[in-house]
Structure formats: C-alpha cells, structure tokens
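Accompanying notes for the structure given below.
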Amino acid sequence: MDGFLNALVVFANFVFLPGLAYGAQLALGALGVTLVYGILRFSNFAHGDLMAFGTMITILVTWWLMGMGINFGPLPTALLALPIGIFGAVAMALFIDRFVFRFYRKQRSDGIVFVMASVGVMFVLNGIVRLIIGPNEQRFADGERFLITVKEFRDLTGLAEGLAVRLPVAITIVVAIMVVAALFWFLQRSKTGKAMRAYSDNEDLALLSGINPDRVVMVTWIIAASLATIAGVLYGLDKSFRPFTYFQLLLPIFASAIVGGIGQPLGAIAGGFVVAFSEVTLTYAYKRVLEYLGFAPDGLVQLLSTEYKFAISFVILVLVLLIRPTGIFKGRVL
Amino acid sequence: MSFLIGETMRGGYGGADILNGCTIAVDKGEIAVIVGPNGAGKSTAMKAIFGMLPLREGRVTLAGQDITALSPQDRVKAGMGFVPQTSNVFVSMSVQENLEMGAYIRHDDFSDTMEQVFDLFPILKEKRRQPAGELSGGQRQQVAVGRALMTRPSLLMLDEPTAGVSPIVMDELFDRIIEVAATGIAILMVEQNARQALNIADRGYVLVQGSNRFTDTGEALLANPEVRATFLGG
Amino acid sequence: EDVKIGIILGFTGPLESITPGMAASAELAMKEINDSGLLLDGKKLVSVRADSTCIDNAAATAAAERLVTTENVSAIVGADCSGVTIGIVNNVAVPNGVVMISPSATSPALSDIADNDYFFRTSPSDARQGKVISDVLGSKDVKTVAVSYTNNDYGKAFSDSFVSAFEAAGGKVTIAAPHDDGKGDYSAEVGALAAAGGEALVVLGYVDQGGVGIIRAAVDTGAFETFVLGDGMYGQSLIAAMGDGVEGSYGVIPGTEGEGATKFAEAATAAGLDPSSSYTGESYDAAALIALAMQKAGSTDRTAIRDAMLDVANGPGEKILAGDLARGLQILKDGGDVDYVGATNVELIGPGEAAGTYREYVIEGGEFKTVQFR
Amino acid sequence: MSNTQRIIFLYAGMALLLAIVGVMQSWTLSLTIMNLCLISAIMSLGVNMQWGYAGLFNVGIMGFAALGGIAAVLTSMPPVPGAWQAGGTGIGLTLLALIGTIAAVIFVRSRTRGVMRTVSTLLVAVAGYFITRTFFDPAVEAIEAVDAARTGYLGGLGLPILFSWLVGGIFAAAAAWLVAKIALGLRSDYLAIATLGISEIIIAIMRNEEWLTRGVKNVSGLPRPVAYEVQLQQAQWFIDLSAKLGTNPIFFSAIYVRLSYAILFALVLIILMWLAERALNSPWGRMMRAIRDNRDAAEAMGKDVTGRHLQIFVLGSAVIGIAGAMLTTLDGQFTPGQYNPLRFTFLIWVMVIVGGSGNNWGAVLGGFLIWFVWVEAEPVGAWLMALLTSGMAATNPVKLHLADAAPYMRPLLMGLILLLMLRFAPRGLIPERGAPSIQKR
Amino acid sequence: MDLTDFLGSGSGFSLENAEKWRENARWDAFPYCFKLEDSASSHDNNNEPKRLKGTRMIRVDDLHMHFGGLKAVDGASIEIAKGSITGLIGPNGAGKTTLFNVIAGHYKPSSGKVWLGDENITGLSPHQLFHKGLLRTFQIAHEFSTLTVRENLMMVPDNQPGERLVDVWIRPSKVRDREEEVRAKADEVIEFLEISHVADELAGNLSGGQKKLLELGRTMMVDAKIVFLDEVGAGVNRTLLNTLGDAILRLNRERGYTFCMIEHDMDFIGRLCDPVIVMAEGKVLAKGTANEVKANEQVIEAYLGRGLKNKPARKARGGTQ
C-alpha cells in the first residue's frame, strides 16, 4: 500500500502538480491571446511583451512598497502592486491601439497586417522594457513560497516521498478558474460581452445595431492587458521574471490558444493543460513510479528524452489538430 | 416635406461616381420601393442614406434635420434601422442573440418585440439557439429582418429582404411590412421581386445608373408598360 | 589620440543578461589603461560596442564587419557564443586580419580553427573543465550523479568531457539530459532527472538562464539537495535567487590562486560591477591583453598586435595582475617583458587559448567559499 | 505613380541606402549587408509564393531554412572515414531494417482486414521499431564516439558546396511534401501552428541527432564556393591587380570575395524571380489567387485545391531551402541553435508583408529593406541614443543608465521603423497588382 | 470557328446528335453562345417547350445528411432525367442547398448514394465532379474577390496549358494562344450577362446581383453535362432573369444540357421546369409538372401560401401621394 501511495506521490510531485502549475500559467496567457484574437481578429504577437511590461510595472511598485515596509502577510506583496501594474499595462495597450491598430481598423486591413503591426509593437515593447528594467532576471517574490514543502509532507505522512505545493501555483490555479468563469459569463451573458462577440463576427452589422466599435475595442484591450499582467505576475512569482523568457513564452501560449480552439476561452484553458501535460508526461522517466509499484525496470522508462520536449508538445498539437481541425473547442475558421 | 429625404446624392467607392444625383424620399407610414437593374446603385443609395458611404454632394434629412454628417451608429440611435443585402446576420451568434443585438440600443424590456418577431417567423423560434451561420439562406434572411425590427425603428430600410425566401414567407413578410408601416413607421426597401413589392408600395423609384429614371406610385409604375418591359420582366 | 577597440557581445538575445557585465569589465580595463596615460605615449582606448545577438550568425557577421571596416577598430574583444565567434573569425577577423580575443567562447572547435593566429581566448576549452569537476567529485567520494547541461555547443562538449572523465574514474552518470535556455518551465527536465536519481545534480549551464531554472525546479520539488556547478553557474545571483536551496552545493570556476582575482574583484566592485557574474574576469583580461600587446608592439597595427600577443600573455617576464596594468605598460615601455596573469591567471597555450586553472568553491552560509585550486 | 515607376523608384532608393552605407561606413559592410539582403529576398520570395499566391500560412520557415543548412553540410563536408568504419554498417543495417519494416507493414496490410489489420500493423511496426533500434543505437554510439570533440558524425559527401543549394531545395521540398500531406487540410492559424510545430520538430532532430548533423556542437569550416581572402592576399596576380587598381590587397580581397558571393546569389535570385514572375502572371497564378480567395468555389470550378496547395507549398519551401543552404554557405558553418522563430520565421514574414504580399517585386524589396533595417538599427540606435544623451552631464545617472541601455534601442528602432512602414504602406510597399480595396480576411 | 453553325442545326437536334456534338466539341464551343437578338424568338411562342426526355442522369438514393442532431436531408430520393430542367423547390431550410452540396461533393453524406449515369459518385470531390461535367452555382455568391470579373470567368475552363507550370515556363506561346481563346469566350459571357462595364472590376466590388450573375456566368464557360443552379434568380433583375431563362431553355433544348435548379420564383419555375420536385423537411414532398405542384394542397400549405392577407386593405390606401 505504501508502495502505491509513494508512487502516487512521486507522480503527483513530478508530473501532476508541475503540469498543473505550468498549464495554468500557459492558460492565463492564452486567455489573453485568444480574447484579442476572438474579438479583434488577429494574433497579437506583442502579448508576451505586454505581459513583461505589466509585470515590470508591478515589480517596480512592489519594490517601492517593500521599501516602504509594506507587505501582504504570507501572500506576496506583488499582489498588492498588481492593480497598478494592470493599470499601467491597460494604459499602454490603449495607447498602442490608438496609435497603431486603430489605423488599420479604419483601413480595414487584412488580418496579417495587424499581425505584422503587432510584431512591430512587440519589438518596441521589447526595447522599452529592457530600457527601463534591463534584460536581467528580477526577483520580487516575498511571502510564503510553499503551502507545504517536501519535507513537511514527508514528516506529516511518514511516506518516503514528498509532495510540495507552492503558494503561487495555488494562486494561479484559483485565479485561472475564476478568470475563465468570469470571462465566459461576461462574453456569453452580459450585454457588453455580446456586443463584443457581435463586433468580432461582423463589424459592419455591429455598427448597424448601434454598437459603438470604439468601446468594444477598448473593453477588449482592458481585459487583455489585465489578463496579460495577471498572468505575467503570477508566472514571475512562481518562476522568475526575465524579459527574454516572457518573449519565449509566446510560442507555447499561442500553441495553447490554437489547440484549444482559437477565440474560445475554455479552449485556452484546455490548450494550456494539453501543452503542459504533454511536455511533462511524455518525457518523464517512469522508473521511480514503477519501482514503487513493484516493477524493477532496467532503464529509465522514458518515452522520449527531454530534449524533444518542445517538439513533442508540438507533435501532440499536430495530432490534436488532425483529429479536430479547429481545436478542441471548435475555434474559428477564417 | 417627407420624413426621410436623400437629396440629389452623389458619391461612390473611389472610382467613378455610382450615385449620380438620385433623390429618394419616404414618409412615415409609407412604403417606398426602389427597383432597377443589377448594379444600378440601389444598395449604394441605401448605404449612402445610412451613412456608410460618404456623399460627395447632396444631403440626407430625417424628420427635417440634416443628418448627413452623422455616423451610422448615431443614425441607429436617431431611429433608423437597416438590413443590408449581404452578410446581414452575425453568423457565429445564435438566432436569439442576433435578435438581442438588434435591440442593443434599447434599454427597455424588449421581450415582447422578440415574441412578435417569433410570431412573424415561427421557424426562428424553433432555431433560437442555433448559430445563424448554420441556417439556410432564407432563414438567414428572416433573422436579418427580425434583427432590424427589434430596434423598433421609425424608419426601416431593407435591401432585398425577400431574396431567396419562399413564397409563403415572402407573403408573410410583405404582410408584416404593411402592418409595420401601418403603425407609422417609414419603410424604404430595395426589391427585385419588383411586382409584388410595387404592389404594396406607396411610392416606387426606378433607379438606373445612379439616377432616378421613374418615380411614381407603385400602382402607376406597375401600369407603365415601359417600366414593366424594361425593369419588371414584362 | 584615440585607439578603438571593438566589443562584440550578445547584448540582445539569450545572453543579454550577462553581456553588460562582460562589456563593462572589458571597459574597466580600458579605463584603467587610459587613466594611467602610459599607452603608446598617451593614446586613449575607446570601446565600440556591437551586438552579436549570440545566435544570429548573419547579423553578428555584419556587426563585426562594421567594427572592422567602418569603425576601424584595432582589435576586438569577443564574441561571446562559440557559434557566432566561429562565424566572425572565418568571415571577418581572419580575412581582414584583426585580432579577436574571446572571453567566453569555449567550444573545442575553436582550438584548431584556421585563424592565421588572429584568434585568442581567455577562457579554457570545455574539454578541460569536465575533468576538473570529475576530480572534485572524486575527492568527495560521490559515485552517482545526474547531469543537466545547456543544450548548446558549450554545454554539450562540457557534459561529454565530464561524463567520460567521471566514468573513467569509476563514477556513474544516471542521466545526462540537456535543457534549453530561455524557456519558462523545467518541470519535465527535473522530473526525468529526479527519476534517474543520483547523489547530486551536476548543472552545466548558465546562472541566469536555464541552469537556475533547473535548480529552482529541483529545489521546489525536493528532487536534489546538492548541486555541482560548472563555471557558467557561478554568480552571486544564484545565491540570491535560491538562498538555502543551494547551501552546501559546490563547483568550480576558472580562477587563480588569490591575488589577481581578488584584485579584480576589488576594482570591479569599486566600479559598481558584480565581479562574480560570468566571464567578467575573462573579459577584463581580454581587453588588458590587447592593450599590453599594443604597447609591446609599439603600434596599433593589427598584425603587430597579433604578433605581440603571446609575448605579453606568457612568461618570461614580470607577473602582472589585474588592477596592475599601469605597471605592465610602464615595464613594456621601458623595453622590459611582462607575463600577464590578470584576473583569471592567463596563460595562453597552444593555439592561443587559456590553459585554465580552476578554483573549487563551496556555498556556505550564503557565500562562495574557496576550497582549493586545481 | 504607376506600379512600374514605383518599383523602379523604390529599388533605386534601396540601392541608394546601400550606397550610403558604402560611403558613410564602408563598402565591405555594404556588400556584406547586401549579400544577406539577397538571401533574405529569396526566402521572402518563397514565403510570398505560399502566402501571397495561395494564402497558405506557413510559420515553419525556420525548419525549411535549416534543412537547406544541413544540406550544405551533408553535400560538402568531407566524409569522416573513422565514423563510417565505426558505424557505417550499423546505419546501413538500420536503413535496411527500416525499409524492411515498411515493406512488412505494407505487406501485412495488404493481407489482412479490419481489426486484424490494425493489430498486425501495430505489431509489425513495434517489432520493426525494436529491430531498427538494435542496429541504430550501437551505430550511433560508435559514430558519436569517433573523435567527439572534432567530428563525431558521419560527415558529408565532399561535393562542391554550390551543389548543395540544389540539394537544400530538394530536402526542403521533400519535407514540405510530407508536411503538406499531414497538415494542409488545416486552415489558416491551425495550419500555422502545425507548420510551426513540425519545424520545431525538424530543428529538434537536427540539434539532437549528432551522428548525422553533429547537433549543437555545430559544423564549422564548410568549404567555400569562392576564394579565401587570405589566399587572395598572398596570390601574386591579386596583389598586382589591386596595385593596378590602387587599393590595398586586404580591403580589395574582402570586396572581391563579397562581390563573388553577391554575383552567385544575385544569379539565383534572378532565375527564381524570373520563374516566379512568369508563374504569377500566368493562368496558373490566376488559378492560385482564385484558390486563395475562395477555396470552395475554386474546387467547384474543377481546380484540385489540395493538389495545387501541395504544389505551391512544396515549391515555396524549396525556395526557402535553397536560401537556407545559401545562408549556411555564406556563414561557413552550420549552427542548428541559430534557427529560432523570431529570426527565421517572423522576420521573413515581416519582409513579405512590408514589401507587399502577392507581389514578387514587393517581397524581394521587403527582403532587402527589412534585412537592412535589422542590421542597421543597431548603429543607428546607438547613434540616436548618443544624440539623445549628448546634452546631459557625463555623470548624470540617467545618461549612464541610458548609455548602458543603448543596445536595446535596436529592437525599439526596428519596431518603430516597421510600424512606420506599415503605416504608410499598409498593403505593402509594392502592393499586389490591382490589390483589393476590400478586405480578404 | 463560327459557333452559330452548331446552333443553326437546332431543328434537327436529337440526343444522339448532342452526344456526338459533345464528343467532337472543342473546349471553346461556347454553350450559351447565341446572340441576344435571336434569343427573343425562343420563348414567346413556345409555352410548352419540347423536352428531351432521356434516360436518367442523376439518381440520389435515400440520402441522409445530418448536422449533429439536425437532419437537413432526411432520406431524399430523387432522379433527374437526362435532358430535363428539373426544378427543386421547398420552404426555407428544406434541405435543398444541402442536397446540392452533397451531390456536388462538398459534403460527404451521412448515408445514401449518388449516381451520375451508372457511376457511383458519392464522396467524390467537387473538382473531380467538375471534370465529369457536373457544375454548380452557389446560393450565397462565391466570387473570387481579388480577381477581376473577366479573370473570374477565365479561370474556369480546365486543362488550360497555362495552369501547368512547366508549360508556363517553357511553352509561353501555347499558353498565350489558349489565353486569347479563353478571353474571347469570357468576353462573350460578360456581354451576355450585361456586365461589360464592370469586366475589369474586382469581383469583390460587385453589387449583390452582379455577383449572382457572375456565379451563373462561370457555368457558361465550359461544357457541362449537368448544371446545378442554386437560386441564380434571387437578387437578379427580372428582365435579365428572363433572358437567363431563355438561355437555359435554349441550351437545354438545343444542346441537351440537363439542369437542376433551386428557385423560389414560381413564374420562373413554371416557365422553365418540368418536372418540379418539392422538398420539405429533408424529404421529397411532391413531384410533378409545375401546374400539378402548384395545385397540390400540401405544397400550398408548406410553401406557396395563399397570397397577401393585407393586400386589399393596402390597395384601398394606395395611390396616396
């Protein structure tokens, strides 16, 4: 019995919980991407850097708060600073929209032109963030890091293996669930949400229904920038903040959004977990788990070596798409 | 002076003018029908009246007020409703949501209007939850008209509302349009089912190359042999 | 008047967080020389920075081309990553006959590159360090380890040399798995490493890149308690980031018996730099060597610099430590001979690369404590 | 301004830019940039075929470029005899086993039906996998052990490297064919993520299958199709020539080599451009655009949409592969780690869109211009930063911070320029002939 | 070659002749090609056109097409005789377009089979069917929006050498020659459809009705065995529609083309179609001549209706100005 429990704990500690954490982090990022895609109809390549921008502001405010001696008890101080970070990111997003994307909307440009403009924005934000905070890793986490550590768990249960639960991860998962529920409700039920979907569906007709396009766009950016900042800060708390890493997150985030069905909030969540779990489960070496279960494998029992992890998550994506060509939750086909 | 007047409108899409000084007017409680060959500029005239096409010359007045400079969404607020000829439903939204979007600017309870629309087009009630994009061509057309009715406009503009609908629905639609007009709403529509449309029209316009060729009562136009032969298919 | 020295490092791209420190260290050496006023009758060194991007060969070549043909630099400090370094050596430095000293390109491939003797490096080839780490483990009686290395030519070669040395010494490597830098999540890697197990985890990566990510994930999940660190992992930021998590871990870094390194650390700290950041000492030494070679040659001619390089880098001659450049210049000016030791105990062997002495350290009480030199 | 005038005007502008670099910076630099412009232009042309003609959203450019790169290694590097001795037989057996497995699979599939068919296929495949592995693993180990620090791979065929440009095209085309078979049924962004995924897989293989590619250890010292500067500098005829021209041999050798490359690259570009223009302005091009506009209708009008997509995807990828091989040739080394999406996929996309998708002249111009900006943004950014801070005192902390941050002006400037160009030519600098004023999302 | 040669032999036309003609037909034998002048004669005195009643052309066997739970086509079986103009009518949502889509290969049916002559064509792709002579138009116009009107037409003919890259590159003259022929033919169609003034306009910029005309025009560019027309008339001016009707009739009578058309305009149907099939709720409700169908109580109930309720009241008000 102990063997089984130990196997379970090992699996949870190295596969399930990390997958859950990473998945939730990707999902939060993917939500923002999918929203912009769903309403404004383009893939926003600047999302990773918008995340970095919002996080940067949060970090600066956090440092200031810490300097003032303010903290948030066991919770990270950054959560106190988060609203200001969100505010900064929203302001930035609206500014960008005003001076970049609005023009193409008026021109009724092709979707790909928006994408390229967002690449331009990505570069600019990239530069701005580095100009202000530099390219280095920044630490801003304080408060408790663990809900329970490996050692505590072992002492508590008397098992040979331990299980660690990190506070930021727990927060991320809770937030992800809350956000997706709220977003879902907002888009499906609220009048503004419906107006946003209507706008995304057919701009002209939305106009004919008296929907104010500027407002729709504004609300979209407010939500997207907030999501980006929340995702960025939670990610930074759990892992670390480095502009380059945030830029690199873009790919898995996009993969998540698309495999889930682009434009679908639920899909973004599902996609995040698919990507995360396919990375972790397929490259995990099951040797220890099997040992606890009473097998004694010779090798590592690793399906694929970790250097293929990125590739393998894409293999899964391609497979999912071959079975469901518009993603798990039937995203848009353009 | 009529409720709505589009006066000597000129304009186009950048190249040569499509509208060459045509004038369209309709009064409250009246039905005005525009007919004409394909590409005559009928839809363009509708768009111009609705503010979706900048006019180079001429003006649009509604209830005596010059609205030439208003944006389309402001015109909606001013009481104009429009059903375009193509892509006139939100394909990814359910039928019900399409109707709700029609009522977007209304802040009162619009459930009774929705019931009325469902009475008019029973099939829509049945397909309430289906995305409009999965409807048949004629069903879509019904959604589009229903959407415009939800606004409770004082002027309703319809661009070929009966294209592709079955005769029974077309009759119902015309019936309904007559009723709507009877409540004091001005109705301006473009029709290729011209004989049926002129039959119920108070005014008819025959538009050719962006200018008025004939303007008369519906009856008179129907009776005009030249109009019949050239534009109504004999 | 001014003598231009190019500094080509990856200021943007995956190494962007360590390159500013490297460039600043090189410039620290130049400043020291300029302050002395002794170089070639009062010539001043001016640094011209260029971006190697670390990964984009084409952009790096163009940037180097600009340094050499537009800025007319007399010599180049750089590049950082082995890949672009090779590209620049082949396509720019050698064709144009410009000396290039890399502080950090550690790929063994650079040892026998056809460089017309224009290429030098102040860091040792990776082939050697693996052996050193294996020795350290041997002395601690560690028999099984897991290895995580950064997936580039540096990490790969490093890991290869370590694994073969360790296994030859009777140890067992349970798994040697690469990790990619700049990625966000390393749970998969750590999961596999933990399953394979071992007494310690050998991390051959970069301290502000994937390497620290691996350690963080390993500490979080309790997968390993002791980490053995390659040169790229040395840095104050590691302790700042991981705190107790790396207590008791140990590793090696190119470095010398005391003085030179200490002197450099002092100077760097005074200038507001972090001396423990990766490859700062090597960068300082690269710049210093160029200046000394100029002084020796008595000219800023590119080829003359090349010809004087080994003379000043190696014995015989007066030992010159970091922070002591003025003295070196003076000796050379007076026609004497110097043996530059610098911050990292420079000794250019064979094809012009560092022989490599390593300092073994252990992390205790949140500090790097030197154990011995190897 | 007519389109032709516009083309002439913009190309002249581009030439002027390069000339300015030549005068203000140096001619060697100008030529270096131009060589990469030429390669970028070819890549951009390839992407334009896929997107501009047919609306295929390929985000796997880097994979095809990398295939071109590996072609350069496999064609031109000398074989490593030791490795062949150590593992050649093993690899040979592996290949045989692989072919055997495939044959066996085909055989059982032809002999069985229904569930049995699935089961037996699976069984044979698994057995085949293990048999293959028993040959493969030791062979790989043996090969990689042969002087790991310097070789550790099989090497190439030792053919002239020019030949590899063709091979690169073929490699990329073959891969594209496979990709297309798998993924072309997907639409727009879904196709994009699939191609991205597949290219990541290609790169992962190149980085990790050391026996074949040397992996992250890189292959350097690829032979050149043109002379080496060092040799030129020592050749008497060359010294004489440069004396006659009144230049110094070192400078002249650099120019000479770069010009030789430029001529080779330009030749390839001209040939491809001719073929592409011919194709685009023919009924074939019309058909492709029709397919792009409306797949269903094109299919109903008897066009084999899948077939055409396959064709253009393969052709476009082949062009990218050729460019990839050319790039590796120019670099003189193969570095699998350098293939990252930003540089090898998105940047190329920027070239196509800024230049004008659907228009070959536009795409090529985009390749030139964007590469130029990519490289020149750095010095210009640093210069701007210096200008910006010139008013401040030398010890001003803001100035010090900004001076350190000068390298980050590069992305900033790059982004700004990109945004400005898109702003003033939202449909590309040289838009598609008769490009629509209507949207075509 | 003068195409009126073919048309001149109208009186002695027979099905065999039509077949033979088809075999010998050059690609460029413009099917709808007759001058507008002589088109007028065809319908005035020909109320009941002489039909070519041949064998079966298309057979649809117990066809089902389900979208999730919705049964768009629910066991329809129809036959289309060679040489007929079959009308397909029915209430909105009856499944007519879906049936077309299945026949034309855009959807794979949930069950059931489709035969073209004796060949089972179920599941073939649209382009394969095109090459078998089966053409269709779309109810919601599917123009190629970035191609000009002329290009929209010119892209249709198959086997153009210019559509093969090798020929494009090495045999430009062959390509050019064929282009000229195709262009000439496209111009004829354009003229016939009265859209010459927009011939070089991008199709995306056309008016709604012009797009429908273009949709029809594409089917005129090649020889077809059978053409499926999905509401070509909707949104087309009635006068022009009559001309189109003439064209369809003549083509059918003189060339033996088979048509199947969905239409809601009963006058138009009545003038052209025999037989008329009525669909409702995915099934065949009735079949017969136009007059029979019009008199069918069920059809009136489900589809035709009984005219305007409000009309009299309205009439009374009419004439106010």
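Per-chain residue numbering starts at 1, and chain names A, B, C, D and E are given in the order in which the chains are listed.
Keep in mind that, in the parts below, a residue touches a chain if its C-beta (ideal position, glycine included) is under 8 Å from a C-beta of that chain, and two chains touch if they have at least 3 such contacts.
These are the chains along with the protein names UniProt gives them: A, D = Branched-chain amino acid transport system permease protein; B, E = Branched-chain amino acid transport system ATP-binding protein.
Everything quoted here is computed from the prediction, not taken from an experiment.
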item: Shortest contact path, chain C to chain E, counted in steps; value: 2
item: Other chains in touch with both chain C and chain D; value: A
item: Remotest chain, chain E as reference, centres from CA atoms; value: C
item: For chain D paired with chain E, centre-to-centre distance based on mean C-alpha positions, whole Å; value: 47
item: Whole-Å gap between the CA centroids of chain B and chain C; value: 76
item: Length of the line joining the C-alpha centres of chain B and chain E, rounded to whole Å; value: 29
item: Gap in Å, rounded to a whole number, between the CA centres of chain E and chain A; value: 52
item: Touching two or more other chains - residue numbers and ranges from chain D; value: 207, 408, 410-411, 437-438, 440
item: Residues of chain C whose C-beta touches two or more other chains; value: 12, 16, 20, 151, 178
item: Residue list for chain E, restricted to those that touch at least two other chains; value: 205
item: Interchain contacts, given as pairs of chains that touch; value: A-B, A-C, A-D, B-E, C-D, D-E
item: Footprint of chain E on chain D - complex, ascending; value: 275, 278-279, 282-284, 286-287, 289-290, 292-294, 296-305, 311, 432, 434-438, 440
item: Partner chain B, residues of chain A touching it in the complex; value: 191, 194-195, 197-198, 200-202, 204-213, 332
item: Contact set on chain C toward chain D in their complex; value: 11-12, 16, 20, 24, 49-51, 55-59, 61-63, 65-66, 68-70, 82-83, 86-87, 90-91, 94-97, 107-109, 112-114, 116, 127, 151-153, 155-157, 160-161, 178
item: Touching residues (chain side chain D, partner chain A) in the complex; value: 51, 182-183, 185-190, 192-194, 196-198, 200-201, 203-205, 207-208, 341-342, 346, 349-350, 353-354, 357, 402, 405, 408-416, 418-419, 422-423, 426-427, 438-441
item: Interfacial residue positions of chain E with respect to chain B in the complex; value: 67, 70, 89-94, 96-97, 139-140, 194-195, 197-198, 205-210, 212-213, 231, 234-242, 264-266, 302-311, 313-314, 317-321
